[in-house]
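Two complexes come next, and they have one chain in common, chain A, joined by chain B in the first and chain C in the second.
And now, the complex of A and B:
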(Lines of atoms letter the chains of each structure in order from A and count residues from 1; the text may use other names and numbers.)
(Lines give C-alpha, C1' and ligand atoms only; values in the text may rest on other atoms or scores of the structure.)
Protein backbone atom coordinates (compact mmCIF):
# COMPACT_ATOMS: atom_id res chain seq x y z
CA UNK A 1 0.00 0.00 0.00
CA UNK A 2 1.43 3.37 -1.02
CA UNK A 3 -0.10 6.44 0.63
CA UNK A 4 0.58 9.69 -1.20
CA UNK A 5 1.21 13.02 0.50
CA UNK A 6 -2.04 14.75 1.35
CA UNK A 7 -3.14 17.61 -0.90
CA UNK A 8 -5.17 20.45 0.58
CA UNK A 9 -6.49 23.19 -1.70
CA UNK A 10 -8.95 26.06 -1.39
CA UNK A 11 -12.39 25.03 -2.62
CA UNK A 12 -12.24 26.96 -5.88
CA UNK A 13 -12.79 25.94 -9.47
CA UNK A 14 -9.33 27.15 -10.43
CA UNK A 15 -7.91 24.42 -8.18
CA UNK A 16 -9.71 21.58 -9.98
CA UNK A 17 -6.82 20.90 -12.33
CA UNK A 18 -4.36 20.68 -9.43
CA UNK A 19 -6.43 18.07 -7.58
CA UNK A 20 -7.14 16.11 -10.75
CA UNK A 21 -3.48 16.01 -11.72
CA UNK A 22 -2.50 14.97 -8.20
CA UNK A 23 -4.81 11.97 -8.41
CA UNK A 24 -3.95 11.22 -12.03
CA UNK A 25 -0.27 11.04 -11.13
CA UNK A 26 -1.02 8.49 -8.38
CA UNK A 27 -3.19 6.47 -10.76
CA UNK A 28 -0.42 6.39 -13.37
CA UNK A 29 2.12 5.32 -10.75
CA UNK A 30 -0.25 2.53 -9.74
CA UNK A 31 -0.17 1.21 -13.31
CA UNK A 32 -3.54 2.30 -14.61
CA UNK A 33 -3.68 2.93 -18.36
CA UNK A 34 -4.24 6.31 -19.95
CA UNK A 35 -7.96 5.88 -20.60
CA UNK A 36 -8.69 4.86 -17.01
CA UNK A 37 -6.45 7.60 -15.64
CA UNK A 38 -8.42 10.16 -17.66
CA UNK A 39 -11.66 8.77 -16.30
CA UNK A 40 -10.41 8.82 -12.69
CA UNK A 41 -9.31 12.42 -13.22
CA UNK A 42 -12.82 13.20 -14.44
CA UNK A 43 -14.49 11.55 -11.42
CA UNK A 44 -12.34 13.57 -9.02
CA UNK A 45 -13.02 16.78 -10.94
CA UNK A 46 -16.78 16.17 -10.77
CA UNK A 47 -16.63 15.30 -7.07
CA UNK A 48 -14.66 18.47 -6.26
CA UNK A 49 -17.01 20.59 -8.38
CA UNK A 50 -19.93 19.23 -6.37
CA UNK A 51 -18.14 20.11 -3.12
CA UNK A 52 -17.43 23.65 -4.35
CA UNK A 53 -20.90 24.27 -5.78
CA UNK A 54 -23.08 22.39 -3.29
CA UNK A 55 -21.21 21.74 -0.02
CA UNK A 56 -19.59 25.19 0.12
CA UNK A 57 -22.19 26.81 -2.13
CA UNK A 58 -19.42 28.84 -3.77
CA UNK A 59 -18.17 30.14 -0.42
CA UNK A 60 -14.81 29.74 1.31
CA UNK A 61 -13.51 26.39 2.42
CA UNK A 62 -10.97 23.70 1.72
CA UNK A 63 -10.83 20.34 0.03
CA UNK A 64 -8.50 17.71 1.39
CA UNK A 65 -7.47 14.88 -0.92
CA UNK A 66 -5.86 11.63 0.18
CA UNK A 67 -4.88 8.94 -2.30
CA UNK A 68 -3.78 5.43 -1.47
CA UNK A 69 -2.47 3.25 -4.27
CA UNK A 70 -2.30 -0.49 -4.07
CA UNK A 71 -0.48 -1.21 -7.34
CA UNK A 72 -2.16 -3.94 -9.32
CA UNK A 73 -5.15 -3.93 -6.99
CA UNK A 74 -6.93 -0.65 -6.46
CA UNK A 75 -6.77 3.10 -6.03
CA UNK A 76 -8.57 4.70 -3.09
CA UNK A 77 -9.38 8.41 -3.20
CA UNK A 78 -10.72 10.25 -0.17
CA UNK A 79 -12.05 13.81 -0.41
CA UNK A 80 -12.87 15.67 2.81
CA UNK A 81 -14.67 18.97 3.21
CA UNK A 82 -16.29 20.95 6.01
CA UNK A 83 -19.17 22.34 4.00
CA UNK A 84 -22.87 21.63 4.19
CA UNK A 85 -23.69 17.95 3.90
CA UNK A 86 -24.40 17.40 0.23
CA UNK A 87 -26.73 14.48 -0.31
CA UNK A 88 -26.32 13.31 -3.90
CA UNK A 89 -29.75 11.74 -3.70
CA UNK A 90 -31.13 15.29 -3.63
CA UNK A 91 -30.02 15.73 -7.23
CA UNK A 92 -32.21 14.48 -10.04
CA UNK A 93 -30.91 11.30 -11.57
CA UNK A 94 -29.29 11.84 -14.95
CA UNK A 95 -31.08 9.85 -17.60
CA UNK A 96 -29.48 9.32 -20.99
CA UNK A 97 -32.14 10.11 -23.58
CA UNK A 98 -32.84 9.34 -27.20
CA UNK A 99 -32.78 12.99 -28.18
CA UNK A 100 -30.75 15.88 -26.81
CA UNK A 101 -33.92 17.90 -26.40
CA UNK A 102 -35.03 15.40 -23.77
CA UNK A 103 -31.79 15.40 -21.76
CA UNK A 104 -32.21 16.61 -18.20
CA UNK A 105 -28.79 17.86 -17.34
CA UNK A 106 -29.00 17.68 -13.53
CA UNK A 107 -26.91 14.96 -11.93
CA UNK A 108 -24.58 14.72 -14.91
CA UNK A 109 -21.42 14.95 -12.77
CA UNK A 110 -22.60 12.32 -10.32
CA UNK A 111 -23.57 10.07 -13.22
CA UNK A 112 -20.03 10.34 -14.59
CA UNK A 113 -18.55 9.57 -11.15
CA UNK A 114 -20.68 6.44 -10.92
CA UNK A 115 -19.74 5.41 -14.45
CA UNK A 116 -16.04 5.67 -13.68
CA UNK A 117 -15.57 4.47 -10.09
CA UNK A 118 -16.35 1.00 -8.74
CA UNK A 119 -17.33 2.10 -5.24
CA UNK A 120 -18.51 5.48 -3.98
CA UNK A 121 -19.36 6.21 -0.35
CA UNK A 122 -20.65 9.53 1.02
CA UNK A 123 -20.42 10.18 4.76
CA UNK A 124 -21.61 13.39 6.37
CA UNK A 125 -20.81 15.36 9.53
CA UNK A 126 -18.22 12.93 10.83
CA UNK A 127 -16.95 14.23 14.20
CA UNK A 128 -13.58 15.92 13.79
CA UNK A 129 -13.58 15.24 10.06
CA UNK A 130 -16.54 16.76 8.26
CA UNK A 131 -17.91 15.27 5.08
CA UNK A 132 -16.00 12.40 3.55
CA UNK A 133 -16.30 11.00 0.06
CA UNK A 134 -14.48 7.74 -0.61
CA UNK A 135 -14.08 6.52 -4.18
CA UNK A 136 -12.41 3.27 -5.18
CA UNK A 137 -11.24 2.09 -8.57
CA UNK A 138 -10.29 -1.56 -8.81
CA UNK A 139 -7.53 -2.66 -11.08
CA UNK A 140 -8.42 -5.19 -13.76
CA UNK A 141 -6.97 -6.22 -17.08
CA UNK A 142 -8.79 -3.48 -18.95
CA UNK A 143 -7.22 -0.94 -16.57
CA UNK A 144 -3.69 -1.89 -17.55
CA UNK A 145 -1.26 0.53 -19.02
CA UNK A 146 -0.55 -0.54 -22.61
CA UNK B 1 -1.39 24.81 -11.78
CA UNK B 2 -3.85 26.99 -13.69
CA UNK B 3 -6.14 25.47 -16.28
CA UNK B 4 -6.03 27.24 -19.64
CA UNK B 5 -8.60 27.20 -22.40
CA UNK B 6 -8.32 29.12 -25.63
CA UNK B 7 -10.99 29.59 -28.26
CA UNK B 8 -9.99 30.91 -31.67
CA UNK B 9 -12.97 32.44 -33.42
CA UNK B 10 -12.99 32.44 -37.22
CA UNK B 11 -15.49 32.16 -40.03
CA UNK B 12 -15.87 29.81 -42.96
CA UNK B 13 -17.37 31.17 -46.15
CA UNK B 14 -18.56 28.46 -48.53
CA UNK B 15 -16.99 28.76 -51.99
CA UNK B 16 -20.11 27.81 -53.89
CA UNK B 17 -23.79 28.71 -53.80
CA UNK B 18 -25.68 31.93 -54.36
CA UNK B 19 -23.92 34.93 -52.95
CA UNK B 20 -26.93 35.68 -50.76
CA UNK B 21 -26.58 32.24 -49.19
CA UNK B 22 -22.87 32.49 -48.59
CA UNK B 23 -23.09 33.66 -45.04
CA UNK B 24 -20.01 33.24 -42.88
CA UNK B 25 -20.26 30.18 -40.68
CA UNK B 26 -18.68 30.68 -37.23
CA UNK B 27 -15.87 28.24 -36.49
CA UNK B 28 -14.61 27.89 -32.93
CA UNK B 29 -11.27 26.14 -32.54
CA UNK B 30 -10.99 25.13 -28.92
CA UNK B 31 -7.74 24.17 -27.21
CA UNK B 32 -6.83 23.32 -23.64
CA UNK B 33 -8.63 22.14 -20.55
CA UNK B 34 -12.42 22.53 -20.55
CA UNK B 35 -13.54 22.39 -16.93
CA UNK B 36 -15.64 24.48 -14.53
CA UNK B 37 -12.89 27.09 -14.21
CA UNK B 38 -12.50 27.67 -17.95
CA UNK B 39 -15.90 26.88 -19.42
CA UNK B 40 -16.91 30.56 -19.44
CA UNK B 41 -14.37 31.14 -22.25
CA UNK B 42 -16.19 28.70 -24.53
CA UNK B 43 -19.59 29.86 -23.32
CA UNK B 44 -18.87 33.47 -24.29
CA UNK B 45 -17.50 32.46 -27.69
CA UNK B 46 -20.58 30.35 -28.34
CA UNK B 47 -22.85 33.21 -27.33
CA UNK B 48 -21.03 35.54 -29.74
CA UNK B 49 -21.37 32.97 -32.51
CA UNK B 50 -25.04 32.39 -31.76
CA UNK B 51 -25.73 36.12 -31.73
CA UNK B 52 -24.94 36.12 -35.44
CA UNK B 53 -27.71 35.17 -37.79
CA UNK B 54 -26.36 31.70 -38.36
CA UNK B 55 -27.85 28.27 -38.57
CA UNK B 56 -24.58 26.47 -37.94
CA UNK B 57 -21.60 26.75 -35.62
CA UNK B 58 -18.60 24.49 -36.10
CA UNK B 59 -16.70 23.55 -32.94
CA UNK B 60 -13.29 22.06 -33.67
CA UNK B 61 -12.32 20.02 -30.59
CA UNK B 62 -9.02 18.62 -31.87
CA UNK B 63 -6.93 20.38 -29.25
CA UNK B 64 -9.18 19.94 -26.23
CA UNK B 65 -7.05 18.09 -23.70
CA UNK B 66 -9.81 17.45 -21.17
CA UNK B 67 -13.56 17.92 -20.81
CA UNK B 68 -15.80 17.65 -17.75
CA UNK B 69 -19.57 17.87 -17.35
CA UNK B 70 -19.25 21.68 -17.33
CA UNK B 71 -18.15 21.59 -20.96
CA UNK B 72 -20.89 19.16 -21.90
CA UNK B 73 -23.53 21.41 -20.32
CA UNK B 74 -22.41 24.46 -22.29
CA UNK B 75 -22.38 22.56 -25.57
CA UNK B 76 -25.83 21.20 -24.82
CA UNK B 77 -27.20 24.65 -23.94
CA UNK B 78 -25.79 26.12 -27.16
CA UNK B 79 -27.25 23.32 -29.22
CA UNK B 80 -30.68 23.82 -27.67
CA UNK B 81 -30.50 27.52 -28.47
CA UNK B 82 -29.52 27.11 -32.11
CA UNK B 83 -32.05 24.29 -32.61
CA UNK B 84 -34.79 26.81 -31.90
CA UNK B 85 -33.94 28.44 -35.23
CA UNK B 86 -33.51 25.12 -37.02
CA UNK B 87 -29.73 25.12 -36.78
CA UNK B 88 -27.11 22.89 -35.27
CA UNK B 89 -23.76 22.76 -33.47
CA UNK B 90 -21.34 20.69 -35.51
CA UNK B 91 -18.55 19.10 -33.50
CA UNK B 92 -15.45 17.79 -35.20
CA UNK B 93 -12.09 16.13 -34.56
CA UNK B 94 -12.92 14.79 -31.10
CA UNK B 95 -9.84 13.51 -29.26
CA UNK B 96 -10.29 9.99 -27.80
CA UNK B 97 -10.66 11.20 -24.21
CA UNK B 98 -13.32 13.74 -25.16
CA UNK B 99 -15.19 11.13 -27.19
CA UNK B 100 -14.93 8.75 -24.22
CA UNK B 101 -16.58 11.24 -21.85
CA UNK B 102 -19.32 11.99 -24.38
CA UNK B 103 -19.88 8.26 -24.83
CA UNK B 104 -20.38 7.82 -21.10
CA UNK B 105 -23.44 10.07 -21.19
CA UNK B 106 -24.69 8.99 -24.59
CA UNK B 107 -23.91 12.32 -26.27
CA UNK B 108 -21.91 10.88 -29.19
CA UNK B 109 -25.11 9.33 -30.54
CA UNK B 110 -27.02 12.58 -30.18
CA UNK B 111 -24.65 15.38 -31.26
CA UNK B 112 -23.67 15.97 -34.88
CA UNK B 113 -20.04 14.83 -34.92
CA UNK B 114 -17.62 14.86 -37.85
CA UNK B 115 -14.21 13.31 -38.32
CA UNK B 116 -12.53 16.56 -39.35
CA UNK B 117 -13.20 20.25 -39.79
CA UNK B 118 -13.57 20.03 -43.58
CA UNK B 119 -16.44 17.56 -43.22
CA UNK B 120 -18.09 19.72 -40.54
CA UNK B 121 -17.75 22.88 -42.64
CA UNK B 122 -19.21 21.13 -45.68
CA UNK B 123 -22.16 19.91 -43.61
CA UNK B 124 -22.63 23.44 -42.28
CA UNK B 125 -22.61 24.86 -45.82
CA UNK B 126 -25.18 22.25 -46.88
CA UNK B 127 -27.58 23.57 -44.24
CA UNK B 128 -28.14 26.72 -46.30
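And now, the complex of A and C:
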Protein backbone atom coordinates (compact mmCIF):
# COMPACT_ATOMS: atom_id res chain seq x y z
CA UNK A 1 0.00 0.00 0.00
CA UNK A 2 1.33 3.45 -0.92
CA UNK A 3 -0.06 6.26 1.24
CA UNK A 4 -0.03 9.56 -0.61
CA UNK A 5 0.51 12.97 0.93
CA UNK A 6 -2.69 14.69 1.88
CA UNK A 7 -3.84 17.56 -0.31
CA UNK A 8 -5.88 20.34 1.28
CA UNK A 9 -7.30 23.07 -0.92
CA UNK A 10 -9.73 25.95 -0.44
CA UNK A 11 -13.22 24.91 -1.53
CA UNK A 12 -13.16 26.82 -4.80
CA UNK A 13 -13.81 25.68 -8.35
CA UNK A 14 -10.50 27.13 -9.53
CA UNK A 15 -8.71 24.67 -7.24
CA UNK A 16 -10.28 21.57 -8.79
CA UNK A 17 -7.66 21.20 -11.51
CA UNK A 18 -5.10 20.86 -8.70
CA UNK A 19 -7.15 18.13 -7.01
CA UNK A 20 -7.60 16.40 -10.37
CA UNK A 21 -3.87 16.43 -11.03
CA UNK A 22 -3.14 15.06 -7.55
CA UNK A 23 -5.60 12.19 -7.93
CA UNK A 24 -4.63 11.46 -11.54
CA UNK A 25 -0.98 11.18 -10.56
CA UNK A 26 -1.81 8.65 -7.84
CA UNK A 27 -4.06 6.68 -10.18
CA UNK A 28 -1.35 6.50 -12.84
CA UNK A 29 1.22 5.43 -10.23
CA UNK A 30 -1.20 2.66 -9.24
CA UNK A 31 -1.12 1.40 -12.82
CA UNK A 32 -4.50 2.55 -14.08
CA UNK A 33 -4.72 3.33 -17.79
CA UNK A 34 -5.49 6.72 -19.29
CA UNK A 35 -9.19 6.07 -19.85
CA UNK A 36 -9.77 4.95 -16.27
CA UNK A 37 -7.68 7.82 -14.90
CA UNK A 38 -9.85 10.26 -16.86
CA UNK A 39 -12.97 8.66 -15.43
CA UNK A 40 -11.61 8.87 -11.90
CA UNK A 41 -10.85 12.56 -12.46
CA UNK A 42 -14.45 13.07 -13.55
CA UNK A 43 -15.78 11.42 -10.39
CA UNK A 44 -13.53 13.49 -8.13
CA UNK A 45 -14.44 16.69 -9.99
CA UNK A 46 -18.12 15.97 -9.43
CA UNK A 47 -17.64 15.12 -5.79
CA UNK A 48 -15.64 18.29 -5.12
CA UNK A 49 -18.13 20.43 -7.05
CA UNK A 50 -20.92 19.11 -4.83
CA UNK A 51 -18.90 19.99 -1.72
CA UNK A 52 -18.27 23.53 -3.00
CA UNK A 53 -21.78 24.22 -4.27
CA UNK A 54 -23.86 22.37 -1.69
CA UNK A 55 -21.89 21.50 1.46
CA UNK A 56 -20.30 24.96 1.63
CA UNK A 57 -23.02 26.62 -0.42
CA UNK A 58 -20.38 28.66 -2.23
CA UNK A 59 -18.94 29.97 1.04
CA UNK A 60 -15.50 29.54 2.57
CA UNK A 61 -14.16 26.15 3.56
CA UNK A 62 -11.60 23.52 2.73
CA UNK A 63 -11.52 20.17 0.97
CA UNK A 64 -9.12 17.55 2.21
CA UNK A 65 -8.18 14.81 -0.23
CA UNK A 66 -6.42 11.61 0.80
CA UNK A 67 -5.49 9.02 -1.79
CA UNK A 68 -4.23 5.56 -1.01
CA UNK A 69 -2.91 3.53 -3.90
CA UNK A 70 -2.60 -0.22 -3.73
CA UNK A 71 -0.88 -0.91 -7.05
CA UNK A 72 -2.56 -3.68 -8.97
CA UNK A 73 -5.43 -3.80 -6.49
CA UNK A 74 -7.32 -0.60 -5.87
CA UNK A 75 -7.30 3.14 -5.44
CA UNK A 76 -9.07 4.67 -2.43
CA UNK A 77 -9.98 8.36 -2.48
CA UNK A 78 -11.27 10.09 0.64
CA UNK A 79 -12.70 13.63 0.53
CA UNK A 80 -13.42 15.42 3.79
CA UNK A 81 -15.25 18.70 4.33
CA UNK A 82 -16.75 20.58 7.23
CA UNK A 83 -19.76 21.97 5.39
CA UNK A 84 -23.43 21.15 5.63
CA UNK A 85 -24.27 17.49 5.18
CA UNK A 86 -25.25 17.07 1.54
CA UNK A 87 -26.40 13.76 0.18
CA UNK A 88 -26.37 13.79 -3.65
CA UNK A 89 -28.70 10.81 -3.56
CA UNK A 90 -31.38 13.32 -2.53
CA UNK A 91 -31.20 14.83 -6.02
CA UNK A 92 -33.35 13.53 -8.87
CA UNK A 93 -31.88 10.48 -10.56
CA UNK A 94 -30.21 11.13 -13.91
CA UNK A 95 -31.94 9.24 -16.70
CA UNK A 96 -29.78 8.62 -19.74
CA UNK A 97 -32.11 8.73 -22.72
CA UNK A 98 -31.77 8.27 -26.40
CA UNK A 99 -33.65 11.35 -27.53
CA UNK A 100 -32.80 14.96 -26.81
CA UNK A 101 -36.28 15.85 -25.52
CA UNK A 102 -36.10 13.11 -22.91
CA UNK A 103 -32.74 14.00 -21.39
CA UNK A 104 -33.01 15.23 -17.83
CA UNK A 105 -29.77 16.80 -16.69
CA UNK A 106 -30.37 16.61 -12.93
CA UNK A 107 -28.26 14.11 -11.05
CA UNK A 108 -25.71 13.85 -13.84
CA UNK A 109 -22.80 14.25 -11.42
CA UNK A 110 -23.84 11.42 -9.10
CA UNK A 111 -24.61 9.24 -12.11
CA UNK A 112 -21.07 9.80 -13.37
CA UNK A 113 -19.60 9.01 -9.96
CA UNK A 114 -21.57 5.76 -9.76
CA UNK A 115 -20.67 4.82 -13.31
CA UNK A 116 -16.98 5.29 -12.65
CA UNK A 117 -16.29 4.18 -9.08
CA UNK A 118 -16.90 0.69 -7.71
CA UNK A 119 -17.79 1.75 -4.17
CA UNK A 120 -19.06 5.08 -2.89
CA UNK A 121 -19.80 5.79 0.78
CA UNK A 122 -21.13 9.06 2.19
CA UNK A 123 -20.79 9.71 5.91
CA UNK A 124 -22.00 12.92 7.52
CA UNK A 125 -21.18 14.87 10.68
CA UNK A 126 -18.55 12.45 11.92
CA UNK A 127 -17.22 13.73 15.27
CA UNK A 128 -13.86 15.43 14.84
CA UNK A 129 -13.92 14.81 11.08
CA UNK A 130 -16.91 16.35 9.37
CA UNK A 131 -18.39 14.86 6.21
CA UNK A 132 -16.47 12.06 4.60
CA UNK A 133 -16.86 10.65 1.11
CA UNK A 134 -14.96 7.46 0.34
CA UNK A 135 -14.66 6.28 -3.26
CA UNK A 136 -12.92 3.10 -4.32
CA UNK A 137 -11.85 1.96 -7.76
CA UNK A 138 -10.77 -1.64 -8.07
CA UNK A 139 -8.09 -2.62 -10.48
CA UNK A 140 -8.91 -5.19 -13.14
CA UNK A 141 -7.54 -6.16 -16.52
CA UNK A 142 -9.50 -3.45 -18.31
CA UNK A 143 -7.96 -0.85 -15.96
CA UNK A 144 -4.44 -1.52 -17.13
CA UNK A 145 -2.29 1.08 -18.70
CA UNK A 146 -1.93 0.24 -22.36
CA UNK B 1 -9.42 27.26 -21.11
CA UNK B 2 -9.49 29.50 -24.15
CA UNK B 3 -12.37 30.06 -26.54
CA UNK B 4 -12.39 31.60 -29.98
CA UNK B 5 -15.22 31.91 -32.46
CA UNK B 6 -14.83 32.06 -36.23
CA UNK B 7 -17.83 32.27 -38.56
CA UNK B 8 -17.67 30.24 -41.74
CA UNK B 9 -20.71 30.45 -44.03
CA UNK B 10 -23.68 30.21 -41.66
CA UNK B 11 -21.75 28.17 -39.13
CA UNK B 12 -19.86 29.40 -36.08
CA UNK B 13 -16.75 27.37 -35.37
CA UNK B 14 -16.18 27.53 -31.63
CA UNK B 15 -12.64 26.44 -30.83
CA UNK B 16 -12.07 25.50 -27.20
CA UNK B 17 -8.70 24.56 -25.77
CA UNK B 18 -7.57 23.42 -22.31
CA UNK B 19 -10.05 22.08 -19.76
CA UNK B 20 -13.77 22.61 -19.33
CA UNK B 21 -14.38 21.92 -15.66
CA UNK B 22 -16.65 23.53 -13.10
CA UNK B 23 -14.30 26.54 -12.91
CA UNK B 24 -14.32 27.26 -16.64
CA UNK B 25 -17.72 25.88 -17.68
CA UNK B 26 -19.58 29.16 -16.94
CA UNK B 27 -17.40 31.00 -19.50
CA UNK B 28 -17.98 28.22 -22.04
CA UNK B 29 -21.72 28.27 -21.30
CA UNK B 30 -21.87 32.07 -21.68
CA UNK B 31 -20.01 31.94 -25.00
CA UNK B 32 -22.49 29.43 -26.43
CA UNK B 33 -25.51 31.26 -24.99
CA UNK B 34 -24.20 34.55 -26.40
CA UNK B 35 -24.11 33.11 -29.91
CA UNK B 36 -27.50 31.45 -29.65
CA UNK B 37 -29.15 34.53 -28.18
CA UNK B 38 -27.88 36.55 -31.14
CA UNK B 39 -29.67 34.28 -33.55
CA UNK B 40 -26.78 31.99 -34.42
CA UNK B 41 -27.98 28.42 -34.44
CA UNK B 42 -25.37 26.34 -36.27
CA UNK B 43 -22.38 25.65 -34.05
CA UNK B 44 -19.37 23.41 -34.64
CA UNK B 45 -17.43 22.89 -31.41
CA UNK B 46 -13.80 22.26 -32.33
CA UNK B 47 -12.36 20.21 -29.47
CA UNK B 48 -9.04 19.32 -31.11
CA UNK B 49 -7.09 21.05 -28.32
CA UNK B 50 -9.52 20.31 -25.52
CA UNK B 51 -8.12 17.86 -22.98
CA UNK B 52 -11.00 17.40 -20.55
CA UNK B 53 -14.68 18.10 -20.07
CA UNK B 54 -16.57 17.59 -16.82
CA UNK B 55 -20.31 17.33 -16.28
CA UNK B 56 -20.50 21.12 -15.94
CA UNK B 57 -19.30 21.34 -19.53
CA UNK B 58 -21.67 18.58 -20.61
CA UNK B 59 -24.59 20.54 -19.17
CA UNK B 60 -23.57 23.61 -21.18
CA UNK B 61 -23.27 21.51 -24.35
CA UNK B 62 -26.68 19.95 -23.82
CA UNK B 63 -28.30 23.29 -23.12
CA UNK B 64 -26.80 24.72 -26.33
CA UNK B 65 -27.90 21.70 -28.35
CA UNK B 66 -31.47 22.04 -27.14
CA UNK B 67 -31.55 25.79 -27.86
CA UNK B 68 -30.03 25.35 -31.32
CA UNK B 69 -32.40 22.55 -32.30
CA UNK B 70 -35.39 24.52 -31.06
CA UNK B 71 -34.41 27.15 -33.63
CA UNK B 72 -33.84 24.69 -36.45
CA UNK B 73 -30.09 24.51 -35.99
CA UNK B 74 -27.64 22.05 -34.45
CA UNK B 75 -24.46 21.73 -32.42
CA UNK B 76 -21.87 19.28 -33.72
CA UNK B 77 -18.48 18.25 -32.40
CA UNK B 78 -15.14 18.19 -34.19
CA UNK B 79 -11.99 16.26 -33.31
CA UNK B 80 -12.96 15.31 -29.76
CA UNK B 81 -10.18 13.20 -28.29
CA UNK B 82 -10.60 9.70 -26.89
CA UNK B 83 -11.04 10.93 -23.31
CA UNK B 84 -13.86 13.26 -24.27
CA UNK B 85 -15.53 10.64 -26.45
CA UNK B 86 -15.41 8.25 -23.50
CA UNK B 87 -16.99 10.88 -21.23
CA UNK B 88 -19.78 11.45 -23.76
CA UNK B 89 -20.39 7.72 -23.95
CA UNK B 90 -20.50 7.39 -20.15
CA UNK B 91 -23.55 9.67 -19.99
CA UNK B 92 -25.13 8.61 -23.29
CA UNK B 93 -24.45 11.92 -25.05
CA UNK B 94 -22.58 10.23 -27.90
CA UNK B 95 -25.95 9.53 -29.47
CA UNK B 96 -27.04 13.16 -29.23
CA UNK B 97 -24.06 14.90 -30.83
CA UNK B 98 -22.90 14.24 -34.38
CA UNK B 99 -19.11 14.05 -34.43
CA UNK B 100 -16.63 14.85 -37.17
CA UNK B 101 -12.88 14.57 -37.57
CA UNK B 102 -12.61 17.60 -39.83
CA UNK B 103 -13.93 21.14 -39.40
CA UNK B 104 -14.89 21.54 -43.06
CA UNK B 105 -16.85 18.29 -42.99
CA UNK B 106 -18.69 19.63 -39.96
CA UNK B 107 -19.47 22.93 -41.70
CA UNK B 108 -20.67 21.11 -44.83
CA UNK B 109 -23.03 18.98 -42.72
CA UNK B 110 -25.32 21.92 -42.02
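Of note:
The rule is short, and it goes like this: the second predicted complex is superposed on the first by the 146 of 146 C-alpha atoms of A that agree within 3 Å, B and C clash if a C-alpha of one lies under 4 Å from a C-alpha of the other, contacts with A are read in each partner's own complex, and residues count from 1 in each chain.
The rule we apply is simple: a contact is a pair of C-beta atoms (placed from the backbone, for glycine too) under 8 Å apart; a residue touches a chain by one contact, two chains touch by 3 or more.
Since this is a predicted model, take the numbers as computed values, not measurements.
In the superposition on chain A, contact of A:111 is made with both chain B and chain C. In the superposition on chain A, contact of A:61 is made with neither chain B nor chain C.
Using the contact criterion defined above for the overlaid structures, shared-chain residue A:83 touches neither chain B nor chain C, since it reaches no partner. Contact with both chain B and chain C is seen for A:38 once the two complexes are overlaid on the shared chain.
Legend: residue contacts after superposition of the two complexes on their common chain; A:18 is shown touching chain B, with no touch to chain C. When both complexes are overlaid on chain A, the residue A:49 reaches chain B and chain C alike. Across the superposed pair, chain B and chain C both touch chain A at residues 12-14, 16-17, 20, 35, 38-39, 41-42, 45-46, 49, 52, 94, 96-98, 100, 103, 105, 108-109, 111-112, 115-116. Taken together, the chain C residues at the contact with chain A in this complex read 19, 21-23, 52, 54-56, 58-59, 62-63, 65-66, 69, 82-83, 86-87, 90-92, 95-96. Listing the residues of chain A that touch chain C in their complex gives 12-14, 16-17, 20, 34-35, 38-39, 41-42, 45-46, 48-49, 52, 94, 96-98, 100, 103, 105, 108-109, 111-112, 115-116. Interface residues of chain B, counted against chain A in their complex, comprise 1-3, 33, 35-37, 66, 68-70, 72-73, 76, 79-80, 83, 96-97, 100-101, 104-107, 110-111.
The touching residues of chain A, counted against chain B in their complex, run 12-14, 16-18, 20-21, 35, 38-39, 41-42, 45-46, 49, 52-53, 94, 96-101, 103, 105, 108-109, 111-112, 115-116.
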